[in-house]
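Paired with subunit B in one complex and with subunit C in the other, subunit A is shared by the two complexes that follow.
Our next item is the complex of A and B:
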């Protein structure tokens, strides 16, 4: 399988505090990789380093075989954990604009997700509920049909129905042609069957990286694995 | 993705949603509007013919010059404060294009403000002030020349000040420090302008006269230096984004 992303001994410190400590892993084509860990484990920073938004202090990052640059974002869709893409726009205006900003943007895919989430196209983005807004942002990413979909804590603060809908949308996207997914979360319950591989971070370091099936066989479930490794 | 698309993106982010000021904001706006009308009326009825034109237009000039770096700094600061920076930086466009689009959107917004302010001053000078005092056509034209000069000066300094504001918004993301810095910058610029424009106020009471004897060499030199500095700052900002230097502070 083609390697899309490779991190070798990547490290990052903020104000003298080590946030990411010598982490190495790869993301291969067609794989969904979960980045698990408690709050403050360095997941968000690691994702931003992986897509080239933040510079690593040490180590090497290779995205599509080269150094990440603005061109990478033609094939990578990154969904940050906070902030609005289009705070002051209506949903329909935002979709129209996204079609001009992102190459390969398919408004039909976005509309399907929005209809499913009962999001009116006339509504303003900043007036959507938290769950609707999260699904709207996910729709923007999925409609780009990216080679790599990078999601940073996409379920944080959402109710159970919204979380399930988001998971279904991601699964649908994987089946429908998004090639690889790298997703951070600390909410293990919702992603039990989503990942092919799991990476567990703790205090900025890599605690574990293995096939999800292997981990399920060894611990019974990802939730159990998470609890045992974190306690251990 | 074209530059026009990015400019539309920047403009929509600010102006797409209907603006709803808070209750305090509505009161403040009302108080400012009433104060402005009172000051204008007092000045229009005061006996100091030249001074009232001078005061109203220079007050507006200070405001419009302050707005340029203010708007620019705010646009940069809010990217970090509202956590939209990662959406912005993950757009598939070169960094210089992202910054140029932001700069152009700020400039367009500032130009609208400039037009509004100098339209008001134009109406004030030619209608309110002239009609109240029955000024001759010759005096009105003379006053208009000063106002036009001030307006063009502000217009020419705008792009430079916007670049400075963008830099300030990145270097120092704390609003109070920014406001203090901008006032210092503005006082410095206005003081220098008064020197190179050869601003002279003579006479007393109702005979106060304001004259301009501009030194074109220094004005040219000032604009040359300002635009070179703006270019250097812009290049520095592009480099700063390309090197992802923002990630050093966390």
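Our next item is the complex of A and C:
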């Protein structure tokens, strides 16, 4: 299988504290990989390094076989956990801007998700409910029809129905042509079935990486695995 | 996880076992019990994945497994259907019945009952 993303011994420190400590893994074509770990384990930093938003201090990152650059940005959609460009805009303004920013942006895909989430185009993004806002930002990512979808804590702070809608949208995207997904989360409950592979981060290091079904057979469930590894 | 009904099948997924095996087993069970008939349309991989909140690869793998057992057939451009042949379904029904009897024998042995005592119990039991 083709490797879309490859990290070799990647490290990053902030103010003398190692946030990401010698992490290596690969994201292969056709795979959905979950990056699990408690808050502060280094998940967000690792994702930003993976998509090229911040540089690693050490190690090597390869995205589509090269260093992350403006060229690879076209094929990666990143949903950050905070700090969206849509602040202060209406939904339709944000859609227009996204259409200009992103080559290949497909307003039809976005429209479908907006209708499904009952988001009106005239609404202001910061007036949407948390669930709607999350679905809106996911819609902007999916409308780009990226090869790689990277999501940072997409379910954080959402009610159960919004979480389910987000999970469904991500599954639909995988079935519909997004080649690979890399998603961080600290809450395994909604995502037991979503991942092909799971990476567990702890204190900036990689403490486990395996097939989800294998881990389920070994530990009883991903939830159980998470608890056992974190305690141990 | 909550039960999910689709096309005559009730899926009850348990996060403590591999999902792919459970999907295979639950489709087999629905066929064997007749809840899912011959030549019925199965949900698409995408539909079932979204309903069950599992990765499409997991559903795909289950469908491929069921196709290899002759229980499902995929026609290009038309979708996936249950088989039109009764034989593979009959085979599954027998396998499940055999397994259930094996389980019963295990329980009876644990309870210290002999084969004869068990047979007597079975003859006396009210089938209705």
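As a convention for this text, the second predicted complex is superposed on the first by the 232 of 232 C-alpha atoms of A that agree within 3 Å, B and C clash if a C-alpha of one lies under 4 Å from a C-alpha of the other, contacts with A are read in each partner's own complex, and residues count from 1 in each chain.
We take it that contacts are C-beta pairs under 8 Å (C-beta built on N, C-alpha and C of every residue); 3 or more make two chains touch, one makes a residue touch a chain.
As the structure is a prediction and not an experimental result, all values here were calculated from the model.
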| item | value |
| --- | --- |
| Side-by-side fit of subunit B and subunit C on subunit A, or clash | fit |
| First, second, both or neither for A:176, with subunit B first and subunit C second | second |
| Winner by number of subunit A residues touched, once subunit B and subunit C are compared | B |
| Subunit A-centred angle between subunit C and subunit B, computed on Cα centres after superposition, in steps of 10 ° | 160 |
| Touching partner for A:160 - first (subunit B), second (subunit C), both, neither | neither |
| Touched partner set for A:193, first subunit B, second subunit C, both or neither | second |
| Superposition-derived minimum Cα distance between subunit C and subunit B (Å) | 27 |
| Residue ranges of subunit A in contact with subunit C within the complex | 30-32, 164, 167-168, 171-172, 174-176, 190, 192-196, 212-213, 216-217, 220-224 |
| Residues of subunit C defined as touching subunit A within the complex | 1, 13, 15-20, 45-46, 49-50, 52-58 |
| Residue ranges of subunit B touching subunit A (in the complex, touch as defined) | 1-2, 5-6, 8-9, 12-17, 82-87, 89-95, 243-245, 247-250 |
| Complex interface listing, subunit A residues touching subunit B | 12, 14-15, 19, 48, 51-55, 70-71, 73-74, 76, 78, 80, 82-90, 93, 97, 100-103, 124, 126 |
